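Comments concern the structure below.
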Amino acid sequence: MGFKKAKYILKQAFQGIWRNRMMSVASIGSVAAVLVILGLILLIVLNISNITLITKEKFDEIYVFLEEDLEEEVISHIGKEIRSLDGVFSVAYETKEYALEKMKEEWGEDADLLEGIDNNPLPNSYIIRLKSVDNAEEVIVKVENYTGVEEVRYYKDVIEKLVSTSDFMRTAGSVIIIILLLISIFIISNTIKLTVASRKTEIELMQYVGASNGFVRGPFMIEGLVLGLIGSFIAILIVLNTYDQAAVYINDKFSVMLSVYIVKPTVIVKDIVIIFITIGVGIGSLGSLVSIKKFLSI
Amino acid sequence: MGFKKAKYILKQAFQGIWRNRMMSVASIGSVAAVLVILGLILLIVLNISNITLITKEKFDEIYVFLEEDLEEEVISHIGKEIRSLDGVFSVAYETKEYALEKMKEEWGEDADLLEGIDNNPLPNSYIIRLKSVDNAEEVIVKVENYTGVEEVRYYKDVIEKLVSTSDFMRTAGSVIIIILLLISIFIISNTIKLTVASRKTEIELMQYVGASNGFVRGPFMIEGLVLGLIGSFIAILIVLNTYDQAAVYINDKFSVMLSVYIVKPTVIVKDIVIIFITIGVGIGSLGSLVSIKKFLSI
Amino acid sequence: MLEFMEVSKFYKKQQVAVKNISMKIKKGEFVFLVGKSGAGKTTLIKLLLKEINPTSGKIYYDGNDITKLKNRRVPELRRRIGVVFQDFRLLPKMTVYENIAFAMEIVGSSAKNIRREVPTVLSMVGLSSKANNYPDELAGGEKQRVAIARSVINKPQIIIADEPTGNLDPETSHEIMKIFTEINKRGTTLIMATHDRAIVDQMKKRVIELKKGSIIRDSEGGYYNGL
Amino acid sequence: MLEFMEVSKFYKKQQVAVKNISMKIKKGEFVFLVGKSGAGKTTLIKLLLKEINPTSGKIYYDGNDITKLKNRRVPELRRRIGVVFQDFRLLPKMTVYENIAFAMEIVGSSAKNIRREVPTVLSMVGLSSKANNYPDELAGGEKQRVAIARSVINKPQIIIADEPTGNLDPETSHEIMKIFTEINKRGTTLIMATHDRAIVDQMKKRVIELKKGSIIRDSEGGYYNGL
């Protein structure tokens, strides 16, 4: 394709957009609107997953209770052993005294009950954080067999519940996002189809005069691309702005109560931009091409 | 409007849909797609609110601890007093023995700690469920002043957290639904606009021959209405079916873990139908009317 | 019944379409509008149908100034006038039959009347066999005859024909002119813009000639080219 | 350079458009196609442009059977032929200037050439002042002249004109015919479907007459109506 033809096609494309202003505005509006929906839902799903994940992590600790009256050496040996295991992310040592303090604190008003206890019945312990929940079983089995380890406790129920919740969230979220993605693609290509169809006559006329397929298709493709681009651009602005403000507002008003912060806007900018531009431009130009094919009788 | 004209308009409308098949299919598709999104999100928001609500209710109890060694009479008198208060939904009595049992159960493996305790330090108590959290403050203040009441405990933190979470969910959900609703209306009316605009020439030709505005507008309005109706009908089928199956699947696989059931499909059928039909038909016919107005030069 | 009073129409960019036109056309007259391409014939017709409004001047139809006509009464005006548009203006999504039936439907004719009248007028213009074709499937002259059939179907008070024989062979043109003459004899006013010298010269009717938007001749029983 | 061999075209419902047409047109010829409305003139032209395909028969253009032409080569064929379509087929969203420039752009003319040629041909058909008007803003005859200007702009080997004077007054028609004659003299083949008896009779060129889709006369130096 020569430079002249490229120039011509670009010129035609922009003229086409301008000459069919009303249509163009309507298409851009629809593309933007669909992407805004997609973006908002994407962000919501992302945040819900994130909250579940954070909550899960809070519970995701293995308690290794040690036997009473162990030598310092043995204790630190056990610590080293644990540290050297695959899948262990971090290990912390907690003395029985500290554990009791923590317990009292946690129980709050119920702590009176603990007053009556003279001997601290709590053991010294190691608290293990794993790289992934999947490693739990393995680590637990190994640690249980160390000499000096009295008991290994893991909030299996809670963790399992949280894992399944978070799995569910991820699955449901993905399903919803995929459905939304498909619907968005459908709506955008429909919109482009309507836009192209309204210019059936124009397309036919061009062909009658001898315009080659490329000459007819080129400008339409670029038009679709530009409409998609502008649409996604607008959507990006709207979504990021809304999210920015919503993030501030929600973190301000609710974070204390929800004890979790929503995903930072800066983290998602790149992804949103890539996704939107890809969809907008991709569907815009491909949609045009496919729609116009129907009218390219020759 | 005479019967003849009505008949004519109906005939024209259906012919219009048929003659512009491709357009009609594209519009119906977009309308349906937009409503499907709206519906899915609506259901998700509904369920999240519901889950929050149910969780909140679980925690929504006021514990009234009684002084030790009260006469049976006094205890039952307090019970009656509480029962007669405004805003109280139900009252249950719990002996100190039962409370200890429950505590042991709850603590599970930590229950060893309780073995060392000889005297049951727990009090007898009443457990109040409220009609609404809003009544809590009032009830607590009153109950605290009863003779024989040692202490009133209410999981204020948790409840407040849950209330604020559920408030947040409700607000966020409403905001999202309203945004979605507006976007849906925008996309649907855009689609209708594109559909009508592609027939600008047709509309003008009709006017040149002397067709009155009603004659031109009528069939287009009915067309928009029918397209909207079919679109919302398809959306209803898709959404209700999807939800039905998703409900079965989720309740099956996840309810045990999430310990909450999702909203029964039968509960929402009517609302979905009403909302969809209203939007589809409303925007379809009004959108047509508004769009066509531009072309009604006379 | 029809009077133009100092009517002018300028398009944007100062383009003059018609300038200072004054003329009267009486009920039952047969008037030819002639003049070079771009002289303003179609513009006059569009003014009469209120498709465009004059820049200045008044146009009376049956005593009412149509330049002051309310928008919603325009369809009424148009329905009282049968028009053969220069570009036909057939509805592309309707068959020949439906196009003509449409013109009857909008004036509220009964289904029975429609079923009787449409075939009659189609056979009159020689298109019975094309009743179920769409405009796209017609020859140029056939489209023109559909437009002619549509213009006469409602038996209007006035028929305006803009170049109704431009796509017709001399023989068919002759047939069409016979139909118009017949209709005119029954009292219908006929205004016809044309370039067909043979027809104008042969009919010997009133001829109004336009040049660059102004009337330069108005002669009873005139010829295409002055005399 | 152009040969129809037993070409027939039937539309659905058994409608005969042309039947068993065989004819040869040599390079540089000037041929009139005449015949009543619906005789098949436009159909012949559409066949030649591969807008429609014949039901049977072969059409040779410069030795190649265009009925066998691949779809993607059709634009090439069309670009070698200048056409005045009966319904003009101007691009409504482009001005007069752009419509003609478009025809040059699709054959790859340089911007410089376009800027030079378009005004020249516009003044030739007398439309310099309408260069920036859109087709909707033109008189019928003006649209027709734009179509004529577009057909000649690329100096094609063949010009096909379908009723190019249907909306023109005799004087302008005469001008246009002078242009066509001039172009023909320089070696361009000219095929013109027309109902304009005056023009045919005066030019004394080859006349092919169609009737109900068949050639009923093919006379060199003929008249509109046999003789």
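Note that the chains take the letters A, B, C and D in the order they are written out, and that residue 1 is the start of every chain.
Heads up, the rule we're going with is that a contact is a pair of C-beta atoms (placed from the backbone, for glycine too) under 8 Å apart; a residue touches a chain by one contact, two chains touch by 3 or more.
Bear in mind that the values here come from a model prediction, so they are computed numbers and not experimental data.
Q: Would you kindly say which chain has the C-alpha centre located farthest from the C-alpha centre of chain B?
A: Centre of mass proxy via C-alpha means gives D as farthest from chain B.
Q: What chain pair shows the greatest number of contacts?
A: A-B
Q: What whole-Å value do you get for the distance between chain A and chain B if each is reduced to the mean of its CA atoms?
A: So the centre of chain A lies 24 Å away from the centre of chain B.
Q: Taking each chain's centre as the mean position of its Cα atoms, how many Å separate chain A from chain C?
A: 67
Q: Just how far, in Å, is the C-alpha centre of chain C from the one of chain B?
A: 62
Q: Would you identify the shape of the chain contact graph, picking one of line, ring, star, complete or other?
A: Contact pattern: a closed ring, each chain touching exactly two others.
Q: According to the definition of touch, which chains form touching pairs?
A: A-B, A-D, B-C, C-D
Q: With touch defined as at the start, can you tell me which chain A residues reach chain D in the complex?
A: Those residues of chain A that touch chain D are 2, 4-5, 8, 15-16, 19-20, 201-202, 205-213, 215, 298.
Q: Can you list the chain D residues touching chain C in their complex?
A: These residues of chain D touch chain C: 11, 13, 34-39, 41-42, 86-87, 132, 137, 139-142, 144-145, 162-163, 166-173, 195, 197-198, 224.
Q: Taking the touch rule as given, give the residues of chain D at its contact with chain A in the complex, in rising order.
A: Against chain A, the touching part of chain D is residues 49-51, 71-72, 74-79, 81, 83, 85, 89-93, 102-103, 105-108, 110-111, 150.
Q: In the complex, go through chain B and note every residue touching chain A.
A: 22-23, 26-27, 29-30, 33-34, 36-37, 40-41, 44, 109, 112-113, 116-117, 121, 153, 160-161, 164-165, 168, 172, 176, 179-180, 183, 186-187, 190-191, 193-195, 197-198, 250, 253-254, 257-259
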